[in-house]
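First up is the structure itself, then whatever we jot down about it.
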Amino acid sequence: MIHIQDVSVAYPKGIQALSGVDLHFERGEFAFITGASGSGKSTLLQLIYRELEPTRGQVIVDGHDVSQLPRHRVPLLRRKVGVVFQDFRLLPMQTVWENVGFALDVIGATKRDKHHRVPLVLELVGLADRADAYPDQLSGGEQQRVCIARALVNTPPLLLADEPTGNLDPVISLNIVQLLCDIADRGTTVLCATHDTHIVDAMQRRVVALVQGVVVRDEKTGGSYDAA
Amino acid sequence: MRLNTAQFLISQAWSAILRNGAITGAAITNISVALCVLGVFVLTAYNLQAQAMQQAAAVEITVDLAKDAKRAEVEKSLRANERVKAVRFVPKAEALEGLAQRWGLDFSTLSRVGNPLPDAFRVVPVKPDDIEAIAEQAEQIPGVAEARYAQQTTTKLLKLARGIKLAGLVAVIILGTASLLLVSVTIRLTIYARRREVRIMQLVGATNWFIRWPFLLEGWFQGTTGGIVATALLLPGYAYLASLISSNLGFIRPVQSTELMVALGIGLVLMGSLFGVLGSLIGLQRYLQEV
Amino acid sequence: MRLNTAQFLISQAWSAILRNGAITGAAITNISVALCVLGVFVLTAYNLQAQAMQQAAAVEITVDLAKDAKRAEVEKSLRANERVKAVRFVPKAEALEGLAQRWGLDFSTLSRVGNPLPDAFRVVPVKPDDIEAIAEQAEQIPGVAEARYAQQTTTKLLKLARGIKLAGLVAVIILGTASLLLVSVTIRLTIYARRREVRIMQLVGATNWFIRWPFLLEGWFQGTTGGIVATALLLPGYAYLASLISSNLGFIRPVQSTELMVALGIGLVLMGSLFGVLGSLIGLQRYLQEV
Amino acid sequence: MIHIQDVSVAYPKGIQALSGVDLHFERGEFAFITGASGSGKSTLLQLIYRELEPTRGQVIVDGHDVSQLPRHRVPLLRRKVGVVFQDFRLLPMQTVWENVGFALDVIGATKRDKHHRVPLVLELVGLADRADAYPDQLSGGEQQRVCIARALVNTPPLLLADEPTGNLDPVISLNIVQLLCDIADRGTTVLCATHDTHIVDAMQRRVVALVQGVVVRDEKTGGSYDAA
């Protein structure tokens, strides 16, 4: 599903966010991306939904080289990728319901479909009763859950979750990650960047660890023992 | 685009208009002001030109008859010209009386020494522009000694009217551009305020047109509303001013044509809509550039 | 405010201007356009009024002498009036010749029957407004039979000039308000785009004035730059247009006074600064309302 | 230092964020505020720096009733309170250096003072080399650390940290919380809202636990055993 081949990303001022990263993820695979703050986790995920292009190397998603994608095809790629952004990125003038519904509007879903699926995912993240609230009327964790709901609602074949539990308490966190695992088991590829060692330890799934932009560890199943 | 999507985009635009109340209001204010100013300019130019034309239209041609002229035939020939609006016969006695009155002379003395003036026709042209041609044609008529008119004044006034027309056109084009600038910059500012939203929509997989539509509709709404507000302010204001001028400066007759008003109103609203849509397109382009 | 803080606030404003390049540019564009339009209006009104005054100024008073008048004494009395600019003697023969020419008559026949016209002085007033008073005073002078002038035309022109002056003033006030609106709404939009920043500053403990200063300076900068740009566009543009009109419509003499230009330029820049600062103040107030 | 007396906060639409909260914190005290997502932690902190006024009850900070504070005195209160916001709230058009410096500018610090203290705190949070970056050029964790640096830089007598380690890896997290504790020991009152059970367990400091806006536990020293 995802083939990252010898990818490097350099930001201006000589900041090397990723160096020679080689990673391959199968369809339906679940993987944690761990690493210290600033080690390149978000950068890695941004490559996949093409918020960023690699300075060197290739990122192939679902058979297409992402950097070769013509501009008008980029939205099509993004519709196949659900993203939980580290900073949420909710539309401030839209309610929770509308924010989640937007991901369905974009793919041209019918009204009926929307009214069926939006409440479902809101229930899943425990926000059914806050559907009419605007993002700035929510707590940090609630906003994060809206973002998760939006990423899930159109059941994309690929799910990228950047620190999806940073603002959530341990119980909800575990539920959410369990949910992501279940989704992966039903055929969705899930990459989850996280710092939460508890969760990594609990799941015993594939772990990719980054240190200063270099993959230092990639194990099929594992804990967080040297993730930091 | 499916009906479903269209519906969604319209509702999207409408709710954005409502929720961004303050900013929508600000944009509409700006657009109204810009269009209002444009309208004032159009009306001013139009009136100035009409005024000059009116003055020129007051000029008559005096067609002096030769001693042996056949009055009826000359009159017939003059009236035959379709560029002539009115023809009036002025006997030489009347002409002399007019002369005496104008110069404050004693008419009785003057008429005693014999009237040196000829009989004449006063001819009013349909369009002041034709005055020269009419005078020339009149001189060709047998029995006409001379056709005279206040040449200097008339050419001055005609030149002036044409100058004003040209200047007005140039001014309206410049001001139209200025309005377009004002409207599009204003809408660009409203989009700037929401650039983060545009980015988020892109990242969630919206195509550029999917993002554009609601903004276009919003721009269209703001522009159209601005045009309507401008018209609503301008037309009654102008009507009031015109009646004020008519009653206080009797000799100036401001243009009070319903057609002009309707055309202006429609023009302003259309310009508002057009500029609103264009402004949105231009304003968005920058943020849609980056994928 | 300590010097240190002042320095900081200025550098803050300056860097905001640079970093918000796009938005600063947009705001300056809008402000320039608004002020330019205002300037065009001021110039138009000024020229129209000057034109009407010029026309009125061309009107002369004809002071007819009585048969037994002492020419030198009358001339002395006329010249003594400080409201009189020029006095010219017109002998009756010259007057008759002028009359004959104007009416296309045969001068020799006319003069043979005796010249019914009196000797006269042509008097030019300093200010057209004084024409009535001068005529009245002239009639008091012994030896003067009558003082005449084209009363209808003159009063028309004077009324027109006054009307234009008033209308121009009203238009400039309305347009000034419109410009203020445009400028302040524009600046309000730029502030709207940065409302989150205002909130953050408040939460970090900045006083309202500490937040206001950089925005005021920014508004001042945008307004002043807008005024300078407007002046830079307007004055050369006007000079070009004026010379174009002078050479093509010789009888219209556009106002080409350096003082007026300087005053207009200074006025526009000052209005820009003032409106920029006011716009910032008004625009910020909303966001500073909530603590 | 802080006296919260019978405080309730109700948001519109009948959302009761806090109910009858009674809490007292001494000068130099360190306390964790724990609780599930949406339990009212951020709301509690917002009351103290007056982003919010209580619907009922009194919040007294440093002897002043915060709701009685005239509008022009609010900035003075806020200068005495360093806040690490859950959503960072960095000025987007200012560099890291300027963002941190802003807290000093606000209190009218001299240029010399600024050039002395800003690098110091940036060093403390490990961002000395990113001083010239703008917030959107930083990783999530780096932004969070800038926010921490800004809260610390003017050594306020009161420090409120809302989920200060949500985007940080375990090592940095522990360092930051250790730093907060050290600061508390030098006389600053520190309240730290967190979900991180590791850290709460490691520190063994006072823990206040909220459940749906009600204080269910307040222990002088303790772990996170029933914090969720």
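To keep things simple, chains are lettered A, B, C and D as they appear, and every chain counts its residues starting from 1.
Note that in this section a residue touches a chain if its C-beta (ideal position, glycine included) is under 8 Å from a C-beta of that chain, and two chains touch if they have at least 3 such contacts.
For clarity, every value in this text was computed on a predicted model and none was experimentally measured.
Among the chains, which has its CA centre at the largest distance from chain A's?
C
Find the geometric centre of each of chain C and chain D from their Cα atoms only, then give the gap between the two centres in Å, rounded to an integer.
The computed centroid separation for chain C versus chain D comes out at 61 Å.
Give, as an integer number of Å, the spacing between the C-alpha centres of chain D and chain A.
Measuring from centre to centre gives 28 Å for this pair.
From the mean C-alpha coordinate of chain B to that of chain D, what's the distance rounded to whole Å?
Comparing mean C-alpha positions, chain D is 66 Å from chain B.
Taking the touch definition from the header, please name the shape of the chain graph: line, ring, star, complete or other.
The chain contacts form a single closed ring, each chain touching exactly two others.
Show me, using the given definition of touch, all chain pairs that touch one another.
A-B, A-D, B-C, C-D
Over in the complex, which chain D residues touch chain A? Could you list them?
Within the complex, chain D contacts chain A at residues 11, 13, 34-38, 41-43, 86-87, 132-133, 137, 139-142, 145, 162-163, 166-173, 195, 197-198, 227-228.
Note which residues of chain C are touching chain D in the complex, please.
Residues 2, 4-5, 8, 12, 15-16, 19-20, 197, 199-208, 210, 291 of chain C touch chain D in their complex.
Going by the contact rule at the top, pick out the chain C residues touching chain B in the complex.
22-23, 26-27, 29-30, 33-34, 36-37, 40, 44, 48, 64, 99, 103-106, 109-110, 113-114, 116-117, 146, 148, 156, 159-160, 163, 167, 171, 175, 178, 181-182, 185-186, 188-190, 192-193, 241, 245, 248-249, 251-252, 286
Note which residues of chain A are touching chain B in the complex, please.
49-51, 71-72, 74-79, 81, 83, 85, 89-94, 102-103, 105-108, 110-111, 150
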